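I've put the structures underneath this note.
Consider the two complexes below, in which chain A is the common component and chain B and chain C are the respective partners.
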Partner chain A sequence: MSFKACSLQDLTPGEGLRIDSVSPPIAIFLTEEGTVHAIDDTCTHQDASLAAGWVEDCRVECPLHESTFSLRTGAVDQPPAKKGVRVHTVELDGDDVLVELSQDAPNLPPGVKI
Partner chain B sequence: MIIDHLEEPLPGSSLLPTPSGDAYTDPEIFGTEQTEIFEKMWNCVLRADALPAPGHWQKATIGREEIIVVHTRKAGIQAYFNVCAHRGMRVCTAESGKNKTLQCGYHAWTYALEGDLVAAPNLTSMPDVDRKEYGLKPVHVRQWLGYVWVCLAEEPPDFEQEVLGEVRTRFGEVESIDNYGIENLKLGETKTYDVAANWKLIIENFMECYHCATIHPELTEVIPEFADGLASQRKNGEVHGSNFGEEIQGFTVDGTASGVAELPAIAPDQDRKYFAITVKPQVFINTVPDHVIIHRTFPVSESRTVVECDWLFLPEVVEHVQAGELDISKSVELFHRVNQQDFQACELTQPSMSSAAYASGGALVPSEHHIQEFHSWWYQRLGLQAPLPAASGSEKVA
Partner chain C sequence: MPTAALPAEGHLLIVGAGLAGYHTARGVRANGHTGPITIFGEETRPAYDRPALSKAYLTGAVAEEDLLLDDPEDPLDVTWVSGVGVVSLSGNPEGTETLGVHTADGRFHPGDAVVITTGASALSLPVASSEQGISARPYVLRNMEDALALRETSLQGLAVAVVGGGFLALEAAATCTERGAGSVTVAAGEQLPGARRLGTAVGEAILSAHQAHGVQFAPPARAQAVRSCTRGHEVILAAGETITADVVICAIGAKPRTEWLLDSAVQLTSGHGAVMCDDTGATCIPGVYAAGDCAQWASHSSGLRPVGHWQEAVEEAAVVAAALTGADPVPLQEPYFWSDQFDLRIQGAGRIHLADEVTVVDGTPQEGNLLVHYARGGQNLGILGINRLRDVTRWRKQRRIRPAQLHSPAAEHPMTVGSHPTAAETAPTAA
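This part shows the complex of A and B:
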């Protein structure tokens, strides 16, 4: 079941938008290239919002430490984060950004509960 | 050639007094100078092209404060106190760098280049934390002459009045400094001088030329009229274009041609002349037809001042230098020697400032009388009473 997470107008190229109406919260990214992606917002290393991270080459760099996550696969490239984040399916309906949440269990950092 | 002569001093008053020696040695006075002068006025901190792209930052010390000057992504060049809003650690610890964000190394509070707090461990569970209020504390920033100027005061003095106004009174008309197109010049050379002297000794030295014939043989060769002791800076803030000697071909260490292209828009009366002005409290601007020399001074203590000196040339000149096709060392060497000679004199003066023989200060000869305008300004900024004009300069007892 997909839901409307936001509208395209809410997004800024190269930046993320945190959606906390779902738990755990997710982050929607509009890349400079114009693609839209959704991943879990919480870094797997510590409680940090990936929506505040730096987006480059379809990856987001965690704003706190140096791990980056693929916006396509959720895979992490380097420590300190060891696990990837979940990726959610995005569909555009006109300006509506529709997201279907992954059914996998999220990889939340220590101390963060749903 | 006509040289403007100073008004004849009144009989018995050839000499005017200077501040007493402790003005140059007392740490408490220096502390007041930091709070009342450097932390309240506009300071010229660095060249804007030292931060060429977003993410570049550099630290600077103004008064007692350390600041970070940053080329942001969205708001040009900005500056902040280098103090983490969390528990105060220095956010930037190197002298300069390039980063996507400014991150404190203690608990990883992370600030956007634009200053607001963007991330911190557990920040999402503290939604009440205001990202601006707990951002880096900004300082006021202006750009002029290709330099970044900052003011730490909450309410900065009007830049137009205080900085441009100062130059206007000194240079005659601000347009005439515009002729040099300083904001479009590029850095040909820069040198840092760590001077063991109070900052005021350096300003006073820069304002007068009574010493020129004694300590600046090369400069006096290029500008022979300096032998009369009169500086480019004069009474009532006027500036006088000092003429090159007749045989002199360029503003170089040996007076030979510089080989450097002249600045295209200078006026005929700016040709073959040297002009100098002081922008209080910490900038000296020197202009000659083919380059501009800018000093920024950073007082470190009552007896130590760091001076950064830049030699600025046309961009094409700097390109030729970088390509190894042109040598500007003759041009640079002249004022480098002047700097070394001046700073050595200041360093040999500083130790005497605490001597019993100098407790009541020294004297200004007529060609130095305009330095009293600087002293009056200084007394006023510090809320001090200037001593009453000496009844007679000759009564001083050692």
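This part shows the complex of A and C:
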């Protein structure tokens, strides 16, 4: 079941928007190329919001350390994070950004509980 | 392509199983090195990451296995020699002496290249023991063993004194408070902790966050020694005052672990005894490199880069790995550090130590949202944000020299150059 996470107007190209009405929070990204993606907001290394990270080449770099995550697959490229994040399914209905949450268990960082 | 310092089949010896050592090995493997790699570590534990030792590990929120550097699902193809220290280096600038290292068990290990990543050891105050038979080593925080000793001490209701004004000391003070210490007093050596290096506003922000949680600050005098008796400990300050405490933690800096190199041909700096290197990590001995907290690269001494931060160790390891394998050199980013204290996440970037103007761009010291710029002669050199992840990240990324292909996730997404937004194009969104 999908829900409306935000509107396209809420998004800025090249940036992420944290949605904390769901737990764990998710991050919605609008890339410079115009694609919209949804992933878990919390880095798998420590408690940092990926929505505040740097978006480039359809990846987001964690704003705390050096790991980057693919917005398409959630895969991580390099330490310190070892695990990828979940990717959620995004659908656009006009300006509405609809998200269907992944059913996988989230890879929350050690010490962080929902 | 530059020439490789290490043949692809050659044996690489890495001395020091810490952050820089791990990343050097990871880097040379990623660059296609096929020869054997041996990593010597004097600790018996598998290599781990240190920053949590003053934070989540010390509160018990994370465990040892959460801090391990190697990924059990994708382990490095290396030989770990653990629990035995390296005691000397063989090799000379003329290249006439066999390259290799001696371990404490008397064995000699020849190699085709050696990378020195032995980190640093914590400094402590002199102990002026007043009663016979009382041993009073203050706690320090460098190794997991140090942190474990403090973690296993119940602090409930105890008086804790933390000596030092740097981030490590302030993190320790915050952690001890969170663990229920009866009182925590920091001897920071200055009125506003961190103000000398980072400016008054940052010092005020740190002070107000700590005071809001009940942390006390001693008069700004230098701590000189710790005296111990059956009743507890006293930290003696230069002005003659003393702080009485049940538990004393010293976080007054670190010293490069290079004592084992004193008789070797590598050159050490006269002040701190760090290994002198050029900006590829090369020492004066061909095939011998150094990176991380034990090393002083040429650009450090010209004041360009600070010493002793996590990111620096990771970056230097990548540069050394490139030099060893003949990959294109990895450009260095602006220096960067972070610290977590209570609900403050502090991030600084750039050459803050060279600045002579500090401007508060946004936020206030009391609200936990400070954003500060550093400049010299009108030129912006650095940034510091408290709970300003987006701003600090943007500043860093827009100043970075684009990473070499080495680090691009090229297989998945080819790099496109120059496609990132400029500050003018991006507007802040709700976070």
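Heads up, the rule we're going with is that the second predicted complex is superposed on the first by the 114 of 114 C-alpha atoms of A that agree within 3 Å, B and C clash if a C-alpha of one lies under 4 Å from a C-alpha of the other, contacts with A are read in each partner's own complex, and residues count from 1 in each chain.
What we mean here is this: a contact is a pair of C-beta atoms (placed from the backbone, for glycine too) under 8 Å apart; a residue touches a chain by one contact, two chains touch by 3 or more.
Worth saying up front: this structure is predicted, and the values here are computed from it rather than measured.
Trainee: Identify which of chain B and chain C touches the larger number of residues of chain A.
Mentor: For chain A, the partner with the higher number of touched residues is C.
Trainee: For A:P63 in the superposed arrangement: first (chain B), second (chain C), both or neither?
Mentor: After superposition on chain A, A:P63 lies in contact with both partners, chain B and chain C.
Trainee: So, does A:A48 touch the first partner chain B, the second partner chain C, both, or neither?
Mentor: both
Trainee: Give one of first, second, both or neither to describe whether A:P110 is in contact with chain B, with chain C, with both, or with none.
Mentor: After superposing on A, A:P110 lies in contact with chain C but is clear of chain B.
Trainee: Quick check on the superposed pair: does A:P25 touch chain B, chain C, both, or neither? Answer first, second, both or neither.
Mentor: After superposition on chain A, A:P25 lies in contact with chain B alone.
Trainee: Take the contacts of chain A with chain B and those with chain C, and give the residues found in both.
Mentor: Residues 18, 46, 48-49, 52-54, 61, 63-65, which sit in both footprints.
Trainee: Quick one: in the complex, what on chain A touches chain B?
Mentor: Contact set of chain A toward chain B: 18, 20, 25, 41-42, 46-49, 52-54, 61, 63-65.
Trainee: Which of the residues in chain C end up touching chain A in this complex?
Mentor: Per the stated touch rule, the residues are 23, 26, 49, 56, 61-63, 66, 69, 71, 73-74, 310-311, 314, 338, 345, 347, 389-390, 392-394, 397, 407, 409, 412-416, 419-421, 425-431.
Trainee: Touching residues of chain A toward chain C in the complex: what are they?
Mentor: 10-15, 17-18, 32, 46, 48-49, 51-54, 56-59, 61, 63-66, 68, 70, 73, 75, 77-80, 82, 110-111
Trainee: Which of the residues in chain B come into contact with chain A in the complex?
Mentor: 100-101, 103, 108, 110, 118-125
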